[in-house]
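Letters A, B, C and D mark the chains as written, and numbering starts fresh at 1 in each.
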Amino acid sequence: MSAAQAGIVLDRISKWYGEVMALNEVSAEFGPGVTGLLGPNGAGKSTLIKLICGMLQPNLGQVLVNGKTPFNRPSVMTRVGLCPEQDALYPQTSAWNALTYLTRLQGFSARDARMGARRALERVGLENDLGRSVAGYSKGMRQRFKLAQALAHDPDVIILDEPLNGLDPPGRRTFSELIRALGAEGKCLLVSSHILHEVESVARRIVVLNFGRVLADGTSRELRRELPEFPLTVRLTTSEPAELARHIVAIDGARRVEHVDGGLEVLTHHPAEFFDAVSELATSGTVPIEAVTPMDEDLEAVFRYLTQ
Amino acid sequence: MSIVSIQNLTKAYGSRPPALRDVSLEIEPGVTGLLGPNGAGKSTLLQCVLGLLPDFDGEVRVLGLDARRQRREVRRRVGFMPETDTYLYEMTGIRAVRLLGQLTGMPRNEALRRAHELLHHVGLGEAVYRDVKEYSTGMRQRFKLAQAMVHDPELVFLDEPLAGLDPKARDELLKLIKDLAVEHGKHVIWSSHILPDVQKVADSVVVLHHGRFRGRFHLEDLAPRVGRFHIEAEGDLEHFESALEAGGVTVIGADEGEGPETGGGTLVEARRGWTVDVAGDDAARKLFAIARESGVRVRSLGQVAEDLEDIFLRILRDPESD
Amino acid sequence: MAVYARGYRTYDGDFRGPPVAWTIFREGVAQALRRKGFRWILNITAFILLATAGMIYIQVIVEKQAQRLTGGMVRAQLMELDQIIHGFHATTMFLVSLGAVLVGSGLVADDLRTRALSLFLVRPIRPVDYMLGKALVLPALLIPLALLPGLVLWLLVGLWQPPGETWTFLQEHSDIAWNVTRFYLVGAAQLTGLLLLLSSRTPRRGLVIGLSAAILFGGPVLRAIGRLVLGPIGTLLKSLDLPNNMLWSFTRDRREWQFEGQGGGGRWGGTTGEERWLQWQPDPTVIYIVCFVLLAAGLYFTWRRARSVEVDA
Amino acid sequence: MSHDVIPPADAKQPVEADRPIDVASHAPRRGMRAPLAGFLIVMGQGLREALQPKRLIVSIAIMVGLGAAIAFGARAEADRPFRRDLLFQIWEGIDLWVLQILLPLVALILVGPVYSRELRQRTMVYHLVRPVSRTTVFLARFVSGVLPAAVFGTLLCLSIIAFADAGAPPEVWTALPLLAFFAALVLGAIYCTLGAIFKRGLIAGLLYTFMMEVIVAGLPGNIQTLSVRFHLRSLYHGLVDPAFAERSEGVRSRIDGTMQSASNPLVEAVPFDPPQTAVMMLLGIALAILIIGVTHVRSRDFALKD
């Protein structure tokens, strides 16, 4: 499969259930590396994921996974792994049997599947719960089973819907590292989550959906730059706020200055000039500036502005 | 005065290894984070405090009341927001919260008034007249918060209150809970796996691991490491790192930053962050100076402080103390 | 003139509301009455009651005419009354069982399935409150189905007596009122016990409905097998047909009176099948044992559910 | 020893969680399976689910218990004075109880939920993202439901014969298993497909049974042939009647007279088809229903929304 086709292509996808419009002309491409998929509840994230996994058929446009349309075409799925959001459990069988069964469906021989399933369950930290039935699993363990099921057959395209839901902090960190590592390996990962700082920690590129439309696609820095209508808020930590304020007001880039405990918060529409001026002020030593912290350059701020 | 004081609490379910091993801790007023990996014993601790598991050894006092003998008085003053997806069958939001209010002893009409007030306060608006079963995840979390506060408890337990919420709803609910704690002096015990949320709201944090109390930590003690800085520079960065080292600054690590690109017409300069150690008291100014000399622009500069997650994971890795 | 608090307000009212058991009971009844299915059952029962009353009224008029013409005895119509009430109960027995299953199945099961129980348990309630509240719901809802109709008919016929005789008639036939009450009490105990027992065992309401319906409507099969088997097991099996227990405890006194021949050639069941017919009926004391055991089991398991800790944090 | 203030930390470096993650090693992977292989895997899992020890024992107990109940019922009926002989009771009992009530029930309970359970448990999502076609999953799950249903149906019928020991003709031992199989196949196909199409499959199944197998099957005239029951009964009577007629006078009189439908004697009987056509009809119905099921499954959206 040529490199060009690897990954997912969404070409002007529209999808509705009855009159409810879930996706409205969504176009995007996901290549190697980790991409974050964000959006408020009901923005169309899970619909998008189901379209990519061939569970739904788009009403308009076309979905290509590794160059082929996934709906009703199981051969595409040999290289795809999905960690679904809802709990999908086989209550009667043990985790190992269930995963062996599912891995055999991927085309592995019985022995390979059994070994692969065991390794996947060990990888996600369920090594001493292999024999137990999934019904008795805690929320965190069920989530680990779902992750194991998505990774057992070593897919190239991995879609994770709320992957860290229910995991405890060590688990969250372990899996964040795992997702980063898989991305670094060149696999195409799509991570949909509500916990922005966790998405930020695994994915550089972000796609933001709302009301079924793609609002933005890029790294959080790029997106912030493309939102000039929102001035940048910068906090300057200083021991002499009044003195610093007098100087800051003089800078034409500074739009508004606010006293906050521990220093000033400044709104500016021209970050470049503003930061140069601050640097100059700091080096001149006329007033002590302990820290310069941009407050709304992170993903949470970008997301807030986009979905306002 | 501590809100909850626990003295060598031990609780074992039948022959299984004890869920809580000789736990002694005080929960102070304000917002306390209750942290611990799965199976640390958080829910067992909570059930002992609520007097739902009366057969424990040790002494538990909640708001000055004995959690074992005065169980029902304790539960009148305590609110609980469960993590599990809980609703009431074939009941509208109003009817459900009124019933739960009545179960704490409130007269029927007072309970109805309070239900309306609370459900409005948590922002459920018109949905109060609809069945709780049809609420979305966000609305159900708001419903759970409202039912926890209907009887105006002094202490409220929140278990993963922001689970499943989208960012906007997370902020709103966070503000609501913070407002309860700060403006109205409610004591909150917040149990969660998502540490940054806890860091935003909690005054102190209590850590459980394998049924043991592993330590308490006050958030304002997150003192920045002296001399450890994180600086983000923009512009022509090749020899900025060497300039730093020349200036006697030891470079610890560097983020992978963004290369320069001319997408979209406007020139976008390269930008990257470094973690450095700087000696001396006027460190910030020194870094600014080096940056100016090598012609790069400082986008952000600040002392590095440990975040809650690092501390928590470090506590877990501490060898078992006893 | 002031700007008042807009956000959260504290509650300075009292906590001296009604007892918790009453609240749970009242909510249970209100919730049942909100269900369309149960309201339909009430309507149909009311309709059948009206029809029966109408039938009696016509019969009374006819009797009076006949009496005036022939001076004959009024007794025939009186003796009819308890058979009419028995007939009424027999026809509405299906509705009583269905109503009990519909309402009773969700009593505890819903709280388990929706985990509402964990919201209740963190309230200052005692398990006994929860048990009591839930246990009284069915008896209350069965009153309009199983108690009032019989009493109403009894009163009606009393009122339709020639003036002045009403009170004497009612006193004279107070045994009918007792029979109706006994019918209701046996029914309330059995159905409450059975439904609470099943409802507290599983969160799945459908399963409870299925099981309870099978037990109630499968009753005759148990009784049939009971007839084949002799000895104590037989009598026990015969008394597991709950609806029949209710009907049988309604007619019990009338039966003895009839059987000892006082009533003469009563048209009831005729004489030929008499011996055989009695074989089919359970022994009255066993019915009371079954009632007690079922009710006790239902109450105990509901109480235990309210004690167990469902709060999983 | 609980320490109150946490000692300051050293540099912020990636934390080695207690479970090491080795990303490099992963099992060899092969392409999509041949359809038959996928079919066998899915069916194998379905059978494993159905034949769990606990459920297996319960199912066997129920089947044998019901068989015994019917047998004893027939015997009890037979001793009553002017009742027809035991063989007739067995012959009519199977027609009335087994064919029209119990076998459909077995199909409804064992084959009905076999596919819809995957939807209810939402484990269908795992199949949808695996290289196994929706048709294969549907048919494999269906077969994994039909086989146990056929086996238990046979167990039911044969336990009746065994408990009644009325000297039934040997043909019974071949006819009844065949009957149980076809009931499971045809009715199973209907219930399984209904379970796949409708959210509340069980209710749809019950509605179908009530409408078709009770009302339509009970109507006079040729409309009866629309119901599956008619064909099942044709097969049954076609296979066993000659043998029973020899041995039981009651059966003979019933056959010589008009073939009265066991359930409501008022209905003027419709002559049964010969067994061969009955088999053809049953297979045809099953095939048609399965085709409907497969086309539905292939074309529908699986939102799996709760």
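Just so we're on the same page, contacts are C-beta pairs under 8 Å (C-beta built on N, C-alpha and C of every residue); 3 or more make two chains touch, one makes a residue touch a chain.
Predicted, not measured: the structure shown is a model, and the values here were computed from it.
Chemist: By that same contact rule, can you tell me which chains touch chain A and chain C alike?
Modeler: Of all the chains present, those in contact with both chain A and chain C are B.
Chemist: Please indicate which chain is farthest from chain A, where distance is taken between mean Cα coordinates of the chains.
Modeler: Result for max centroid distance from chain A is chain C.
Chemist: Counting in whole Å, what is the centre-to-centre distance of chain B and chain D, each centre being its mean C-alpha position?
Modeler: 53
Chemist: What whole-Å value do you get for the distance between chain C and chain D if each is reduced to the mean of its CA atoms?
Modeler: Each chain's C-alpha centroid was found; their separation is 38 Å.
Chemist: Using Cα averages as centroids, what's the distance between chain A and chain D in whole Å?
Modeler: So the centroids are 45 Å from each other.
Chemist: Going through chain A residue by residue, note those that touch at least 2 other chains and give them in order.
Modeler: In chain A, residues 170-171, 173 touch at least two other chains, as defined above.
Chemist: Any chance you could list the residues of chain C touching two or more other chains?
Modeler: none
Chemist: What are the residues of chain B that contact at least two other chains?
Modeler: Residue numbers touching two or more other chains: 313, 316.
Chemist: Considering the complex alone, what residue numbers of chain A touch chain B?
Modeler: 38-42, 138, 140-141, 162, 165-173, 194-197, 219, 221-222, 225-226, 237, 271-272, 275-276, 278-280, 282-283, 285, 288-294, 300, 303-304, 307
Chemist: Report the residues of chain B in contact with chain A in the complex, numbered from low to high.
Modeler: 35-39, 136-138, 163-171, 193-196, 234, 258, 263-264, 268, 271, 284-285, 288-289, 291-292, 297-303, 309, 312-313, 316
Chemist: If you look only at chain B, which of its residues touch chain C in the complex?
Modeler: 42-43, 46-47, 50, 52-53, 71-73, 75-76, 78, 80, 82-91, 99-100, 102-108, 110-111, 114, 117, 121, 133, 147, 149, 151-152, 157, 159, 179-180, 183-184, 191
Chemist: Which residues, counting only chain C, touch chain B once they are in their complex?
Modeler: These residues of chain C touch chain B: 7-11, 13-18, 20, 23-24, 27, 31, 34-35, 106, 110-111, 113-116, 118-126, 309, 311-313.
Chemist: Sort out for me which residues of chain D touch chain A in the complex.
Modeler: Touching chain A: residues 14-15, 17-19, 21-23, 25-33, 38, 41-42, 45, 48-49, 52, 121-123, 125-134, 298-299, 301-304, 306 of chain D.
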